[in-house]
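Shared chain: subunit A. Partners: subunit B in the first complex, subunit C in the second.
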Partner chain A sequence: MVERASPLGNDFRPGSYGDFANGADVAISEVPKAAIVEARAWPGKENALAGLVSSTCKLKLSALPNSGAANREGVCAFNIGPGRFLVSGAREALAGDIAQAVDEETGTVTDLSHGRTVLAIEGAKVEWVLAKLFALDFSNNAFPIHAGRATAHHDVFVQIQRRGEKRFELYVFRSFARAFAKSLRRAAQDVGYTIK
Partner chain B sequence: MSPRRTAKGGLIDRARTIRFTFDGENYVGHAGDSLASALLANGVSLMGRSFKYHRPRGVFSAGVEEPNALVTILREGVREPNIPATQIELHDGLRVESQNRFPSLAWDLGALNQLGGRLIGAGFYYKTFMGPVMGPLKGTRFWMMCERAIRRAAGLGRADYEPDPSRYERMNAFCDVLVVGGGIAGLMAAEAAANTGKQVVLAEQEPYTGGFARWSGEIIGGEPADTWAAAMTARLAKLDNVRLLTRTAVWGYYDSNTLAALERVNDHLARTPKGHARQRHWTIRADQVVLATGALERPIVFCGNDRPGIMLAGAVRRYVAEFGVLPGSKTVIFTNNDSAYETAAVIRRAGGHVAAIVDVRPQIGDEAAARATEAGVVALTGHAIVGTRGGKALSGAVVQAFDAATGSLSGEARPIDCDSIAVSGGWQPLIHLASQAGAKPVWRAEKQAFLPPEPTQRWVGAGAFLGTFGTRQALSSGRDAGLKSVGKRSSRAKLPETPATELDLTPAPVLEIRGKGKAFVDLQHDVTADDVRLAHREGFVSVEHLKRYTTLGMATDQGKTSNVPGLAIMADARGIAIPEAGTTRFRPPFSPVAIGALAAERYGELKPERFTPMHDWHSERGAEMTPAGLWHRPLAYANAGETVDQAYIRETAAVRRSVGIVDVSTLGKIAVKGPDAAGLLDRVYTNTFSTLKVGKARYGLMLREDGLAFDDGTTWRLGETDFLMTTTTANAGPVMQHLEYCLDVLWPDLRVHLTSVTDQWAGAAIAGPKARAVLERCVSGTGVDNGTLPFMGIVHGEIDGAPVMICRLSFSGELAYEVYCGAGHGLHVWEALIEAGEPFAMTPYGMEALGALRIEKGHVTGAEIDGRTTARDLYLDWMLSKKKPFIGSGLMDRPALIDKNRARLVGVVSLDGQRLGGGAHLVERGNRDEPGESIGHVTAYCYSPALEKYIGLALVKGGKTRHGTRAFQSDPLRKRFGQVEIVSHHFFDPNGERMHG
Partner chain C sequence: MLIDCPHCGARDLSEFSYQGDATRTRPDPASTDTKAWIDYVYNRPNPAGKHREYWQHAGGCRAHLVIERDTLNHEIRSVALARRDYNGGDAA
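Here is the complex of A and B:
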C-alpha cells in the first residue's frame, strides 16, 4: 500500500502558532480519509440513495437539505446539494462498497478519495475562527452536530460537516488545500492555534 | 496642570498620564481622553485648516459628526489621514499631524485662497476652468493645466503610497436581534430581548456603552446614571446569548436585514498585538434590528461661525462632563432650544464662566431660566449672534436683537468678549440606517427634524432616534423596542425611576441668521449659505443638484451637521417648506470605512493558489514557476547559468531525441456519468462519442452555440456509462459550467451527472521515442506494447505499488502516454517514472517546451481557440460530424463563418532569424514605417530545435492558399519587423509516423 502524500506542504508542521501565550483556543489537523465519494441521486431517487448509503455505511442518513450522519467507526456523510452526499471513512474499500451498492437507476458514485483534503478544526473558539471565513451561522442551533454545508471561501469550494460540539471537518479540493490551510491558520492567529 | 482642565470631575483617569505629539509638539493627556479633549485641555484650539479657503478651524463636536478637526495619524509606518480628533482615543506614543496646510498649521500659505472671495464660490471650477477660451487654452485643456494646482490647494489629508501593513479581518455574525447603539435605549432594548433567550448583538461606536448616561449626571433607578449604565452593561456581558461590540460603528443597512459594521479592534493601542486585527469588518445578518442610534445636535448658521472656539453646545457639555475640559474661559451660549441651558449650568458647575446666553426665542420656560440663573446670567432672549471676532482663535461675538418669526434683525449690534461659543440649533435623530434600509425620512414640523420613515425592513426604533428626547423616554422606548423585536408586547413592569426634566428641546424654526460675511453651512467642504443661494439662482434647486453643485454634505462627515441647515436655506430661497425641498436618501457608509477593512484577507495576489501534487518537486529542482490561471506550473527547469530560452530549447530537443516528462495534473478533468452520458457527449462535441469503445479515448472539439470553437481535449470511456473528459487547463471551469448549463437548462431530462475530478488525478505525460521503454521499466499489471496499448488506448496497471491509468495519446507529435494516478500518489508515481527514465536521460520539461512541441506539431490550443475562430479556421473540419446535430452546428455555417477570406491557421517561419512575437501582425508590404493592412497575426511562436528556426502558428486571411508565400511580421511594440514565409502548420512529422510508431 502506497502512502498518500499530504498536499499541505512543509509549512503545515505540528506546533503552536499565533497568539498562544494564554493557550491555544483551537487545533487544526489534517484528517486522513482513505475513502471519500460523492453519491448523487437522480431526481426523485434522493431518499432511495440516502437509504442505500445508510445501509451500506451503517448510518442514519436523510435526504433533507444540510442533513448528515456519522457512525462510531468514523464513517460520515452529509448533504452537499439536492440529492448529493459526500461520504467518507477511514476504510479504503468503502468507496467500492458504495459504488457497488448504488445501482444505475438510483444514481452515480464518484470516487474523490484523492481529490479532496479534509482539515479538522476544533476548540473553544472554533466558531469564531470559522465565522471569519464563511457567511454561515455556526451556532449549535443553526448548525447541529453531523449537519453539513456546501459553501466557498475566497473562490475555494468548501464542504463542512460539524463533527462535535466544538469540531468541524472542512473538505476542500486537494489543489487548493495548501492555500486554504493558510487562510484558516491566519484566521486562527488571534486566538492561538496548534497544528496536530 | 493643563490650562483648560477642570480641577475635578470627568471620567478620565487623572492618575494616568499619557504622552502624545501633535505636529511634532509634545503634549500630555489622561487615560480616557480623546485626542480632541486632550488638545483642548492643553489650550490647543486650532486643529485644522478648512478644505477650500484654508480658514483656521477648531474642533466643532465631540463625536463622529466632527467636520473640522481632521488629522493624520502616523502609526506603524503608515499615514492614515482624515480621522476626526474626536474619534481618536488617546494612547501613549500617539503621533498625529494636522493636514491641508503649508508650511504649518499656524502659518498656512493656502489661507491666501480667502482673498479669492466670491471668485471661488460654489462650482467655480466648472465655470472658470472648463469653459473660457484663452488662446490655445480652451475648455478641458485649461482645466487640465489648472487641475493640479486646484487639487493641491483644496483637499483633506494626504494618503500614503506605501502598502498598509495593518491586518484587517472580516467577520460574519448571525443573531436574532441586533441593537445598534449602546446608550440608555439600546441597553434597555438589548436586555429586554436577551431576557427572552434570543441571540443579541449590541454594537456601540464609542469605546464604552452608556452613551449620554455616562456623563449626564442624571439619576437612574436611584443611582448615578453612569453607575446604572455600567451595571447594566456588566449584566449583559455575563449573558451567553449577548455579544457586546464596542468601538463598532454600524455603517450600512442592506437588503434582507444585512448590516455592515466596522470594529476598531486595536486602534486605541500604540501597536496592534501580533496576529490580531487592527480593524474587523462585520457582516451581521439579523432577524430583527433595534435602531437606538440617538440624535446629533445641529448648529445655527451665522456669519463667522467657523472660528476655532465655536462648537456645538452638547459637545461643550460633553467635554466638561466626560473629559473634565472647559473649551473656553468665557463662553457664550447661542441657541434656539432649551438643551443648551444645561450646558451653561454644567460650565458653571465646573468652575467656568458663561458670558451670555443668546436665545433666538422671544421667551423661555422656567426650567431654562433656572439653568441660566444657575449659570450666573440672564438669557438674552429675542437675540442672535450676527458675527464673531478673532483670527486663529475666537475673541468675541456680536449680538443683535432678532425676530424669530420674521428673521429680521433690529437695534444696535453689540460685542461680547468670549473665547468660546456653544451653539445649538436643535437635535436631529440619527436616521441614516433607517433611510439606507429603504425609505425616505419624514419631516416633522413640530419637532423641526427629519424622523425615521415607516420601516421597510425588520427594524424597530428606540430612544432619541424616534425624536423623543429624555432619559425616561429612552428607558421606556428602549424596553418596548427590545420586546417588540422578539415579538412580545410592551411590559407594564416598573421602569427604573428617573427625575423628569421640563427642559424643552423643541427648537424654534431658526437655522440661519443672515448677515454680511461668510456663514458656513458645511464646515468640512467650506460650503456657505451664499453658496446654497447661488445654487438656487443658477437653477440647481433639487436637493440632489444642490449637493453635487456645492458639494454640501459630501466628504468624510457626509453632512451630519450641515444637511438640515442646508435644506432649510434652500427651502427659504425657494419660498417653500423644508419637506418640499426634499432630502437625499442617506447611503452607506454612515462613517468612514478603511478600504483595507473591506478587502480584509483579499490582499496581495487577490486569488487563491493551486498546486499540483508534484509542485514541491518542481520547486526543489529549480523550476521557474509561472501562473496558469490559479495554478502554478513549471515554465522550464533551467540548469545553472541557463536562460529560460536555452532551457526550453534543450528540453524540447531532449523529448525529440529520447524522452521527456511533464506534469499535466492541471488539465481539467470532469467525470461524466449516467445512462445518457454518451448521448450528452454527442450533443456537446462536434464528433461522435457514443461509438467510442470502453477502454479507448478520443479527441473532441466543442463549439459554442454561435458556432465558434470553444474547447478541445480528449475524453476517455472508462465504462459504458462512465467517461472521463479532459479539458484545457484554462477552460476547466467554463467547460464545467457549459455542461451544467446544458443539463440544467437545455436537456434536464438527460440522466447524467458531472463531477469535477481535476484534483482526484495527478497526471504525467511521457513523450519521446523512448517513452514506451520508460513505461516498460516501471509499469506492472499491464503491457504497454502497441498491441495492448494502441494509439488512444487506455490500460490500468500499477507503478511502484500505486494504481495507474495510462492512455496513449500525444500533443507533441511523439510516441506519448499520459499516466494518471490518485493525486495522493502523484509524487510517488512521478519519482518512480523519473527513476525509470534515468537510463534514457529522461528530461522533465515545462510549459515553454510543451508549447514548442505543440507548435512544431501544429496542434491548436487557447491561443488559436480564441473565441473568434471556427473549426474550419483551424482545419478541424474533419471533426464536424455530418450525421448528428451538436451545439454550434446550427450556426457554424453562417456566411460570415465560412467566408473564404477568413483568417485561418497557418505556420510561419522567420526568414531573417529574428524571433517572432505572439500577437505580431502579418503584413504584405515590406515597409516598416508603413506596413499597410494586416492580413493576420501570430498566435504562438518558439524556436524549433527540430527545424533550427524561429517558427510560429498564425491566423492569416486565406489560410492554406497562402502556403509558400512571403509576408512580414510587424511588431512595433517589440520593435520587430522582418520577413516570414507562410507554410503548413504541420512543421514536424506531418504524417504522424513518430506518434503512431
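Here is the complex of A and C:
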C-alpha cells in the first residue's frame, strides 16, 4: 500500500509547546494505524459479531455499550454504538481478515483506514485537557481502560478509547484532523505539551 | 439539558438532533385520502405537556431514540432506542 501522508500539516512537528517551563504535562502524537475498520451487526447479531471480531483479532470484546478491548499486538476495538465496533491495528491485513470473518448474516464491515486519523494524548493532565473539549467524565472510574466513547467536539465527530491510565486515543475524520489537532493543542497550551 | 442515551449514558443536548413528532401514523401508501395525508404531513397537535418525539444521538452513537418530553418544562420522562428489535421501541 502507498504510505499515507499525514493530514496534520507542517506545523505538527516534534517539540515542546505552550507553557512547558516547568515541564510538559501531556504529549500528543499521531498513531500510525494501518487498518481501521467499522464492523456493524444486524439487529440481534451484536454478540455474534463481537465473538467473530474477538476470535479474528484475539480480543475479548463484548457487545456491552461503551466497552472495549485491546491485545498485546496493539489491535484494539471498542463499541461506538448499538451493534457497532471500531477496530484498528498496525497490521494492514487486519481489515481483510475481519471482512472475511464476518458473514453477511451477521453484519457488515467497512474499511475506514483512509478515512480516519488517530491522535494519542497522554500525560499527567490528560483528563484536564480533554475535559475542555468534551462534556464527558474522563475519570478512571467512569471511563475505564479500553472503554470507548462516541462523541463530538462542535461538528467534529470523535471516537475515544482509553488505552492506559493516562492515555487516550482519539479517532477523527481525516479531513477534520488538522483542525481538530489545532484545537487539541490549544487546549493543552496551559499545561505545556510535547509533540512526539 | 442532559438526555440519558440508552447506549452512551447522559450526554449534553448539543449532541442530539430533533427528528420530529413520534405520535404520527403514516397512512397506507396506497391511500388517496387527501385529508389523512395532509394531517400526516402538515398538521401537528403541539400539546402543552407530555409529548413523544424522535431524536437522534447524532453526535454520539447515532442511534435513533423515542423520547417522552414535557414541552412545558423540558423534563425528559423516558428515553428508549427507537428500533423495535433493540428494546421494544416502536420503529421497524
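Just so it is clear, the second predicted complex is superposed on the first by the 195 of 196 C-alpha atoms of A that agree within 3 Å, B and C clash if a C-alpha of one lies under 4 Å from a C-alpha of the other, contacts with A are read in each partner's own complex, and residues count from 1 in each chain.
The rule we apply is simple: a contact is a pair of C-beta atoms (placed from the backbone, for glycine too) under 8 Å apart; a residue touches a chain by one contact, two chains touch by 3 or more.
No experiment lies behind these values; they were computed from the predicted model shown.
Of the two partner chains placed by the overlay, neither subunit B nor subunit C lies in contact with A:Val31. When the two structures are aligned on the shared chain, A:Ala99 is found in touch with neither subunit B nor subunit C. Residue contacts after overlaying the shared chain place A:Asp19 against subunit B, while subunit C stays out of touching range. Which of subunit B and subunit C touches more residues of subunit A is settled by the count: it is B. By the touch criterion stated above, A:Gly81 is placed in contact with subunit C alone, subunit B being left untouched.
Shared-chain residue A:Ala135: touches subunit B and subunit C both.
Of the two partner chains placed by superposition, only subunit B is touched by A:Leu112; subunit C is not.
Subunit A uses residues 135 to touch subunit B in one structure and subunit C in the other.
By the touch criterion stated above, subunit A contacts subunit C in their complex at residues 43-44, 65-66, 80-82, 84, 135, 149-152, 157. Looking at the complex, you find that subunit C touches subunit A at residues 6-9, 11-12, 14-15, 58-63, 81, 83, 85-86.
On the side of subunit B, the complex with subunit A involves touching residues 169-174, 199, 273-277, 283, 285, 601-602, 607-613, 616, 630-631, 665, 671, 673-675, 721, 751, 753, 755-762, 800-802, 822-828.
The touching residues of subunit A, counted against subunit B in their complex, run 1-5, 7, 9-10, 18-19, 38, 40, 42, 104, 107-108, 110-116, 131-132, 134-137, 139, 142, 154-156, 173-176, 178-180, 183, 186-187, 189-190, 192.
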